[in-house]
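Two complexes follow with chain A in common, the first pairing it with chain B and the second with chain C.
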Partner chain A sequence: MTEKTRSENAFSLRRRELLAGMASIPMMSMLGGPVRAQDYPTAEVNTTGLAVTDDTVTVGILHSVTGTMAISETGSVQAEKLAIKQINEMGGVLGRKIEFIQEDGASDWPTFAEKAKKLLVNDKVASVMGCWTSASRKAVLPVFEQYNGMLFYPTFYEGLEESPNVIYTGQEATQQIIAGLDWVAKEKGAKSFYLLGSDYIWPRTSNKIARKHIEEHLGAKVVGEEYYPLGHTQFNSVINKIKLKKPDVIYAIVVGGSNVAFYKQLKAAGIDMTKEKPVLLTISVTEDEILGIGGENIVGAYACMKYFQSLDNPNNEAFVAAFKEMWGDDIVIGDVTQAAYLGPWLWKLAVEKAGSFDIDKIKAALPGIEFDKAPEGYVKVHENHHLWSKTRVGRARDDGQYDLVYETADLVEPDPFPEGYQ
Partner chain B sequence: MTSGNSFLTRQELLGLAVVSLLILVVLPASVDIFRLNLIGKYLTYAFVAIGLVLCWGMGGILSLGQGVFFGLGGYCMAMFLKLEASTPEATKIQSTPGIPDFMDWNQLTELPWFWEPFHSFPFTLVAIVALPSLFAFVIGAAMFKRRVGGVYFAIITQAIAAILTILIIGQQGYTGGVNGITDLRTLLGWDIRTDSAKYVLYFVNAGLLIAVIVAAQAVRKSKLGRLLVALRDKEDRVRFSGYDVANFKIFAFCLAAAFSAIGGAMFTLQVGFMSPSFVGIVPSIEMVIYTAVGGRLSIFGAVYGTLLVNWAKTTFSETFPELWLFGLGALFIAVVLVFPNGLAGLYRSYLQPHVDRLLGVKKPADDDEPASDAVPEAAARAAE
Partner chain C sequence: MFADYSWSELGSIFAMQGFAGLILFSVFVLMALGLAIIFGQMGVINMAHGEFMILGAYVTYLCSNFFSTYLPALFGIYFFVAMILAFFASGALGALVEWGLIRHLYKRPLDTLLATWGLSLILQQAYRSIFGAREVGVSLPSWLLGSWPLTDLIEIPINGLFVMSLTFLIAVGVYFLMFRSRLGMQTRAVVQNRVMAGAVGINTERVDRMTFAIGCGIAGVAGSAFTMIGSTGPTAGQLYIVDTFLIVVFGGAASLLGTIASAFTISQAQSTMEFFLSGSMAKVLTLLTVVGILMLRPEGLFSLKIRR
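After this line comes the complex of A and B, so read on.
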C-alpha cells in the first residue's frame, strides 16, 4: 500500500513537468473533451462478459518475472505499467480506469499457457499485454484463439504468423533485417557476410531471410553460417574462422547470456569493432543486453532495430523522462520495452474507435489505428496485425547507448509471410 | 501374488474409496471447468509420483529422470495429434503443405521417417507405453545388471534427462525444438479444446489414474512387492537367497516408466501441447518432490502430495507473481523439517488411530508398509 502511494506521488510530480514538455503533442482523446463513462453504458460496450464495470476495466499482464527470462521481460512489465498509469491519468478508457492483473509466466512455456487461460477464462480480462519469447507466444496462441482474447506481443520476432487475436507491436523479421542489410551494403560496401546466431527459430528464420536477401538482391556472398545452443559461452572457434575468412560483415543474432561471452571473446581476439574491419551488425542486442555485455566490449558495433533510447524527438524525451521517474534513473530502455509501451495505447485507441470493449469489435477496429505519440515516432497498425514502423541503425557507444546513424525515410511495411524469402 | 494377504485391507479400501470419491465426484462438482482442467493436469503428474513410490519408496531406486518417460509418452501423443492437425488444407500457406509447421520453418521438405508410423492411432497407443518402457529397460539392464545403484543411478538418470532435453532442443526441425509441439486440435476428428472434451478427458484421466493406483497396489501386495522392499533394505541378502535382483529392479523401473508415459500422454491431451520443459532435470526433480511431500511409501499420499504441491504453486504464483518461488521453497523446507514422512506420515500419526477404531481394526494389521491415504483436509485444500 505504502509503495503504491509513493509511486503515485512520484508520478504526479513527474506529471507536471511532463505535461509541460508534451504541450505540443496532440492528444487525440482529449480533443473532444473528457470521455465520461456514463456516455458508454457498460451493457453496450461490453456484450461478451469481459471484466468491465461502470468505472473500471481489467487487463492482464503476462510476463516472466522469475526465471531466466525475467531479466529481459522486466522492462516490458515496467513499460506496460507506465502506459496504463498514463492512460489512467488522462481519464482511462471510455471513462473507465484500467486495472491490471499480473501473472508470472516463470520463463516456462506451459505456465504461460496456464496463466493465459486463467486470465481469459477466470478473470475475463479485456486484453493481455504479454509474452516475450516466441516459444511462450506459441504456447499461448491456441488459448487466445480458442477463448477469443487479445494479446499485445512486444518482441521483434521471426514472422511466419498472423493471428487475428494478436497484435505484434515489435518488428517482424523482414522489417528488421532488409533495410539494415541494404544500408550496410550501400554505406559500407559490404560484399561478404558471416552469419551466426543462437540455435532456435528466430535466429534461424532471420538468417534464412538475410541469406536470401544477401545472395539474391545484394549480389554479395555468405561465407559462413553457424548456430550455437542457447547459453553457449565458447565462441573462440567461430572467431578463428571469422578471422580466417575475413568477411566484410559479421551478422550476429546471438541472444541472452551468450552475448556477454561472444563480445568479450571478439574483443579479446583482437577484433576492434570501432575500426569496422569487419563491420559487426546485430539485430539482437538492445540497450538492456549491453548492460550485461559492458559498453566497452561492444563499442563500435551496429544494431538494426526500430527504437533506441537515444532517439531525439519530443515523444521519446517525455517517455524516457516518465520511465526514469517511475522506475529509477539507472534504468535503460531497449527496443522491446518501447514496443511493450505501445500495447496499452494501441488497445485504448482501438477501444475508443470501436466504442466497445468487445474483442470482435476491437479486432475490426485495430487495422488502420495510428499512434503519433509513440516514442519511436509515428506507427500504424497494418491489416496483418503488425505495425508499420521505421527501421533504424544505431552504433554502440561505450556508455551503453546507441547513436542513430541511419533511419528509413518511410515506415516499412510489415510482411510476416515474405514471398521469395521462405 | 501368493503372499496370503487379502488384496486390499479395510484401510486401503477406504483410502481407495476416498481418493475415487474426491477425483470423480467432489472435485468435478465443486470447481469450474478451467480449474478442473488444471487439476486434470496435476493428476497427470500423479502417475509419475505413483511410479516413484514403487521404484523409489519401495525399491529404493531413486530416479531423477522420470521426466524423460513422461516426456516420451507426451511426445508420442503430440506427434499423432500434430500430424492430424497438419492436413494439406490446414497448412497450405507453407512451402511444403502437409507437414507440421515447425518442420516447414526449419526447411524440411518431407516428413522424417520416424514420424510416419504416428499417422496410426493404434500404433501411437502402443508406442506411448512401449517406447518409454523399452527405453527404461535398456537403461535398467545396462545399470542394474552391472550392479550400478544408489547415487550413481540417480546421477545417470539425471544425465539422461539432460541429454534428451538437449537432443530435442537441438533437433528442432524434427522435434519442434524449444517451442515444443504446439497447436494440437483434434483427436480422431474430435475437438479436444472444447469444454465438453475437457470434461471427458478429465474423467478418462481420473479413471486411468485409479486403474494405475490399483495396479500399483497389486504390485505392492504381491511377492514382487515384498522382494522390492527386501532388496531396498538388504540387497545382498536377497541376492544370496537366490533371486536375480537386477530383474526385479528392471521391472519396477519399467513399470514406473510406463505409468509416467501414460501420464505424459494424458497431459498432452489435456493441455494441448508438449515441450522439452517437461523432460529435463528440473521437472524430474519436481516430480520426486511430489512423491516426498505425499510420503514416499504411500501410493495414495503420492496423489495428494501432487495435488497439494501444484495447488500451492498455482495459488502462490497467482497471488504473489514476484515472490511465489520463495513461498514454494518454504513449503518444501517445512515438509522436510516438520513432517519428514510427508502427508502419509501425518495421517499415520494423527488420524489413523481414530479411523482404525471406527473400522474396528485393532492394529495396523499384517502390512509391511503401514501406508495408507493422507489427510482429508489436505485433499480438500488441494481441491480449492
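After this line comes the complex of A and C, so read on.
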C-alpha cells in the first residue's frame, strides 16, 4: 500500500519540482547578489494566503516552556531562535525577514494540538518548528495534515511514521541503534547485553530493534530486558540483577528524572564505567541530561548520537560560539538542540529551491535538499522526509562533555519502517 | 526462577535485595514523615508536599555552589549545613503558606486539595523561573560517593547508609517531638478535639502553624537527602508525591507508627518483586495489593480509635 502511494507521490513531486524549477529560471538568471524581496513578488511566492508580506514571513515555534517537558524543550527553542536570527542576518528568506510567533505547548498534548491549529489557521504561519515528545507530535499530526502545514520535528524518535507534512530532523530508531551496536560488538567484543528502559513507546520500540539486531545479526545474547515506569527513582533492584548477570553491555534508554536516579545509584552501587567491563551504552543521555546527572556520575559511559557538542569541525565551532554568545557561556548543546537548529535552515533552503512559500511547493522541494553548514557536518533530506546523517559514539568525560570515539564512514540512510526489525 | 543461580549467589541476592529494600524503606519513611504529620495529624491534603521537598533540594544545590566557590576547604561537610538550612527554608515557607492559605481552609478539608495543588503548580513555575527549566546537578562531597565492598558481589552504597541513618535520626526526633514534647501533646490534643483544646488554653492557631511548618521542614530535609539519589528539577517533586500519599494512607492516616509499618511493607514487597518481575509489573502488583488491603481495612494498617 505504502509502496504505491509513495511512487505516486514521487512522480507528482518530480513534476511539481520541474514546474517550480522552470518558474524560477528567469529569476535565477537575474541573481548573483543578495536575494531581493522585489524579485519575488508576494503574490507569486505566496498563493495560499500564508503570513508573508513584502518584507517579512512569519513562522511558528511550538514547544513546551512550562510543565515537565520544559527541561528538554528549552534547548530546542534556543536553537531555533538562533537559526532564525542568523538567517535574518544573512538577508532572510527570499529577501524577507523571518518573524516568529512562539506558542507554549505546556507539556500537555491536547494543548499542542490546539496551539498548532491556532498557528496554522489564525496566524497562517509559513512553517512550524516544534514538538519534542512523540506524544505531542502524534497530537499535532492530524492538524498539520488537515490544514496543510509544515512541521520541523527535532527529536530522535522510534520511527514508524512518515508524513508529507513533517520533516524529521532527528534520527529515527535504526539510525541511532544499529551502528552503535555494531561498534560495541566489534570494538569491545560484546557478547551479552542487558536492555533497560523507561516504560513507553520509544524505549520499547528501540529495544525491540536492538534485540533483533543483537540476536540475529550480531549473534550475541540478550540476558535481560526491563522497563521501569516514567519517573521511577529506585533502581537498586535492577542494578543488583545486572551485577548478577554480568552482561558485557548495559544498554540503557532511561529518560527524564529517572535518568539522574539511575546513574547516581549505578555509581553508588560500585559499577565503575571507566573500567573495561561492563560497557554502558545509552541513546538517551545527551549533554543536556548530564547537567542534571552530574559528570562525575556518568564518566566513562558511551552514548550513541549523531551530534556531540565537542565535534571538531569548522561548522560546529561557529555554531557553538554563536550559541554561547546568544545564550550564555554556561550553556550546553545536546543532540536534539542541534537537530532543532537544522529546522529553520532546511526550510529556508527548501523555500529558495521552490522559489515559493507555498506548502505544496516546499514539500516537493524538500527531498534532496542538502545542508553543508550543519554543525553535525553534512545532512541531506531523504524522500521519506528523514535526514541522512552519520551515527556517532561518544564517551562521557567528567566535565559533562563527550569525546568522539567512533563515527560511521558514510551517512546512514533513514529507514523509519525497517524490514525484519518489527 | 532460582535455577540460574548458585547457592552462594542466592545468598548474595538475598543480602543485596534485603539491603536495597532497607534503603527504599528509609527513602519512603523520609518522604512520608512530613506528610504523615500534616495529613495525618492536621487532615490537610498537601499536594504541594513534593515541592517543599524540592525546595530543600534547591537549597542544597545553592549550598554546594556556595561552598565550592567560597569555602572549598569545608566542602566535605557542606551537606550537613545544607540539610539544616533546607529544614528552615521549607519550614519557613510552610509557615507562610499556612498563614496565607491553609488556615482559611481548615473547615473545608477537600478544598485544601485544590488549593495546595494550585500551590504546587505555582511553586513549580517559580522554580523554573528562578533556577531554569533544566535539572541542576548537585555535586556531592567525595566521601558520600561510591560504595563499600563487602564481598565480590555485595557492595553497600555509602549514600544508602547515609540516608538510612538520617531517617533513623529524624524518625526518633519526630517521635520525641510528637510524644514527649509539649508541642506534640498540644498537637495531639488539637487533633482529637479542637474546641476542647482551645477551651483549656491551647493556642490552636499557633499549634497548627508550628505543626505545618515542621512537616514542611522535614520534607525539606528529605529533599536535601534525595539529591544524592535522584534528580533536582522544577518538577522532580511530582516523582515522589504518589508514593508518599500511598504510604501515609496505607499506614492509616493518623498514625506515625502506621506510616513506618506501611513504608516497610511496601518497600520490601516492591524491591523483592522488582527483582523477580519487571519494574512496571512490580509497581502494578504493589498497587493492587495496597488497594486490596485498603478495601478490607479502609482506615489503613493502623487506625486511631477515637470517638468523632
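Keep in mind that, in the parts below, the second predicted complex is superposed on the first by the 391 of 422 C-alpha atoms of A that agree within 3 Å, B and C clash if a C-alpha of one lies under 4 Å from a C-alpha of the other, contacts with A are read in each partner's own complex, and residues count from 1 in each chain.
By our rule, a residue touches a chain if its C-beta (ideal position, glycine included) is under 8 Å from a C-beta of that chain, and two chains touch if they have at least 3 such contacts.
All figures in this text were calculated on a predicted structure; none of them were measured in a lab.
After alignment on the shared chain A, the placement of chain B and chain C results in a side-by-side fit free of clashes.
Once chain A of one complex is fitted onto chain A of the other, the partner contacts of A:D199 extend to both chain B and chain C.
By the touch criterion defined above, A:T66 reaches both chain B and chain C. After overlaying the two complexes on the shared chain, residue contacts for A:G294 are found with chain C alone; chain B is out of touch. Of the two partner chains, neither chain B nor chain C is touched by A:E99. Looking at the shared chain after the overlay, A:P229 reaches both chain B and chain C. Of the two partner chains, chain B is the only one touched by A:K117; chain C is not.
For the pair chain B and chain C, the least inter-chain C-alpha distance in the overlaid model is 5 Å.
When both complexes are aligned on chain A by C-alpha atoms, chain A residues 65-66, 199, 229 touch chain B in the first and chain C in the second. Within the complex, the chain A residues that touch chain C are 65-68, 70-71, 74, 199, 226-229, 231-234, 236-238, 240-241, 243-244, 256-261, 264-265, 267-270, 288-296.
Interface residues of chain A, counted against chain B in their complex, comprise 65-66, 102-104, 106, 108-111, 113-115, 117-118, 121-122, 134-135, 138-139, 141-142, 146, 158, 160, 199-201, 204-205, 208, 229-230, 417, 422. The residues of chain B lying in touch with chain A in their complex are 32, 34, 37-38, 41, 93, 95, 102, 105-107, 166, 169-170, 172, 177-180, 182-185, 193, 271-273, 275, 277-278, 314, 317-318, 321-322, 324-325. Chain C meets chain A in the complex at residues 5, 9, 12-13, 16-17, 19-20, 23-24, 27, 125, 128, 132-139, 145-147, 149, 153, 155, 157-160, 226, 228-236, 238-240, 270-271, 274-275, 278-280, 282-283.
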